[in-house]
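Consider the two complexes below, in which subunit A is the common component and subunit B and subunit C are the respective partners.
== the complex of A and B ==
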């Protein structure tokens, strides 16, 4: 079904959350969190997925590994069509698809010790004997740079260390694909760099493939091989890192890039921003035509307001959805 | 727990000061204690003086303090969602301090509220007055917090990480707004942030804090182009950027900040510092003047000390 090269392939994926109202809980509409998204991820690469809050990037990540059931569309992992699999078959694949969440405190059970937390996935999937499992946990803790942590509880650790625990847990089942859902957003700058370096090292050692979700284009540049920008449930631009940062095409990408503060006071003072007007519209009622036209500085005419732009390759694997490019 | 340890700084009229540091370094606590916002029962504040226009804030009665806060000094907090009352309309929340601090009628207050919302570039100001906080996005809520802080044209605006919870695009809008407002209203600004990039284009002077101490204080250009303290240097290096070449690995600061309950005897940063020596571990360096505008707390810059 899917071609050999792509590791994860997403085809016309949609995820709508229904909105209910009244006593009868009738559906009155839907939040179109992910709306007709197609792309693929190659084995061993890191795809950065960036967007403002409410753009649907976390929903997309979770839908790919089937934490949410898609409304429609296809997700392929290697040669498997994830949606067609039986529960039991999928359970086996689940080992290979893991996720690291944004908030390390909320995603670790405060009443379990660190050892128990990392051991749990091994116990659930019955991987190895008790002794092997324990050795594996020790190995993982060393790998992520935690020492003598087995019998401690999450509250004894700082945010950065908790994120290391969450990473160790995600890696316990030896996954091939890890969705990193804003793993560094809640950490301090110096700790962010530590976690990013750790993720990169682990990728080199274990041959992992990442979907790295972030709202920070600076860190994304560092860790990603390719970058995708999401806006209101759609991907508007996707390109290799170098291409993306040197020749951004979509006006939204340009706006995002120009909003990033840089540690350079002289430039910062005289810099002209590509001003992004207003805020992201409500995803339950997205604008017609190009979803970005309400904030776009170059939108004009009927075409932007009424016709949805096509998702097309403009050369050298640089994909963009804009009428004006 | 020693959140802030013997810090001193001053701010001129109309000047903009940035306070930068990681979480837990005492940057919020230091400014909150300056305006006595912390609960007096659980916090002990000691200082030689905290002067605001020749008056010592520590000597003021609660009543006198209330006249200054919100009037001459006002503050914007990190999380607008928690700072606004969810059961009152925006209009009521803006009008309340107006009536408390000025003697104007309700009608006039309402007009003034609309003017303030227009000042912070809110679209449909009249309609917004009828809204409840949950109907607005985070960026709009933060604009309202700023509008409320500007009610009495304060001399000093304290902003405690006001853009941390917002998206970069909205952050850029808020920063531009604050720049405009400072130009038109001529007020002093203390901007607290953990992001060095944010303060770069906004302030005149920067203080870098670490574990409750000031480690470096200087003009904004000097800080970014000629940083002196090893912590500042490391922080700047760990920032990834969107232009220029990228190295394979990000520079990191190894380890974690010290426990504030048991601060080390020597320099608080020594454990994570590349250049530490025996002296660094044994004795804490004081903040010393290395040029007219540059202060740094590091043994490296103390004359006559052999490393």
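== the complex of A and C ==
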């Protein structure tokens, strides 16, 4: 990882959620939602982050922008070490790090008008005069394709429109980095394309960098420059889009990719599937060794069961954590 | 007749029918609110405007004119609700009592809100030790019987209008704190609070611009119910002689005064009693209606 190029750099990041029990609320364990993750994101790119439910991808995204306090590890934004910053200094950087949530209805305050919602970040950071703020809101609403929405409430809009309101709000402070936390998962397929196209358009216009969290590999292929796969709190493979889809190395990635149906019925019949067996293990008690060995078709021997695979570069910025590669 | 004509006729009758049905349905749906609201408005107007329209001194005694029955029961029009054991006019005393009751209960509710809402939000939002401490204090307070507490406070401070307001206000905060705490806990887990944090909102901003905004309707509903409750409590205190000191008329003390004359002059106690019933009924009906119309889940039923 070349340091000068990296825009966001994550180093050995961990986020454990403690589990309490008993009247005395003693800590009896922890859900290891993000466990020792390192990677970097380049300026202007879209990094797709894919994983099953409960793999910790949302937690990772939220920990990067400091919505959750990391248990250990480091997050760098440009030259800033985000964890070392004082509250007030970080407050200024906040503007540059934004997030779009999965459920557009839940992430908008139902008692606020759309205008107030988009205005809020501007009001919090006291950016510009009242008039300038209002103009900015109008501009943003136009940008995401909403008109005459200022005085309406979120419930008067559809899911896709609400997601565009959420996007407008995230972009109000002119951020450089946006975590898209499954922004399209709760939308209809026809609306998904609209929102994804809007996100791409905005990226070109404003030079945004995205961490695009999803569980749809095809949509990820469409929007991402690089793709990372997460399994049980760890990233198991990270590669550029073309490399990732043409030469997947990790058995988990292969399993996921082979589960994508092909639209062509002849190819579909020939499609070789690697079935993922079983369930994702409990993240508070992950398997020893390689976390995937309980479900892995090629795992064998002691090494997979007892030694944790190293996170290594196998050439041309293709990173993988597997003993068998 | 061709089809088109039949259709227009049907359409016309249907529309008239629909309008009538619609109107009666709207009235039926909001009946509670209409009745409760009317009662409250009448009593509030009585308290505010009454004394300037009906100029009889509630404290002027006239022994020769004592225990006159209400106008409808053989009395005279000079004293529409009759007179009491000292010949004081009951209608003007009722109006004065309404003033006292409303003033005490409204200001007590405002005081409870002033203490209860912020404390409830803090307890619900931060949780942990703060939550435990605040809620246990509330539990301790609730475990002391209210009247015993009131007697103790009055014994120390002496009976006065301000003291009654303080007693009621200070003891009422727990109800608000509990409700607000529960609602805050529900709201703080929602994504729009996380979104506000991601934007860099301060906790204070989250409190007033997100949480308060979302629980305002429940606070208003509880306030109407508390209002009704406090009117009864104020009357009980006055009945026991712990409320507003004499000679200021209060419904509770009027009932108490009339107790000795119940057999020969029933109206002394009955009229203020009816007023208490009426205002409490009005406030409860209105509160019920408010709750139903604020709650989107109940809106489309019935």
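Criterion: the second predicted complex is superposed on the first by the 313 of 325 C-alpha atoms of A that agree within 3 Å, B and C clash if a C-alpha of one lies under 4 Å from a C-alpha of the other, contacts with A are read in each partner's own complex, and residues count from 1 in each chain.
Quick note on the criterion: a residue touches a chain if its C-beta (ideal position, glycine included) is under 8 Å from a C-beta of that chain, and two chains touch if they have at least 3 such contacts.
Predicted model, so just to flag it, every value in this text is computed and none were measured.
Which of the two, subunit B or subunit C, is in touch with more residues of subunit A?
B
Examine A:27 and indicate which partner it touches, taking first as subunit B and second as subunit C; both and neither are also allowed.
After superposing on A, A:27 lies clear of both subunit B and subunit C.
Answer with first, second, both or neither: which of subunit B and subunit C does A:285 touch in the superposed model?
It touches nothing on subunit B or subunit C.
In the superposed arrangement, which partner chain does A:142 touch: subunit B (first), subunit C (second), both, or neither?
Touch partners of A:142: none, neither subunit B nor subunit C.
Just to be sure I read the superposition right, which of the two partners does A:72 touch: subunit B = first, subunit C = second, or both, or neither?
neither
In the overlay, answer first, second, both or neither for which of subunit B and subunit C A:106 touches.
Second partner only.
If you stack the two complexes on chain A, which partner ends up touching A:98: first (subunit B), second (subunit C), both, or neither?
So A:98 only meets subunit C here.
If I apply the document's touch criterion, which positions on subunit A are contacted by subunit B in one structure and by subunit C in the other?
Overlap of subunit B and subunit C footprints on subunit A: empty.
Can you name the residues of subunit A that touch subunit C in the complex?
It is residues 62, 65, 67, 91, 94-95, 98-99, 101, 103, 106-112, 120-121, 124-125, 166, 169, 173 of subunit A that touch subunit C.
Using the touch rule from the top, collect the residues of subunit C that touch subunit A in their complex.
Listed in rising order, the residues of subunit C that touch subunit A are 190-192, 194-202, 205, 209-210, 213-214.
Give the list of subunit A residues in touch with subunit B in this complex.
The contact residues of subunit A facing subunit B are 52-53, 158-161, 188-194, 196-197, 200, 215-219, 221-222, 245, 255-266, 268-269, 271, 273, 275-276, 279-280.
Any idea which subunit B residues touch subunit A in the complex?
Checking each residue of subunit B against subunit A gives 22-23, 137-140, 167-173, 175-176, 194-198, 200-202, 220-221, 224-225, 234-236, 238-243, 246, 249-254, 256.
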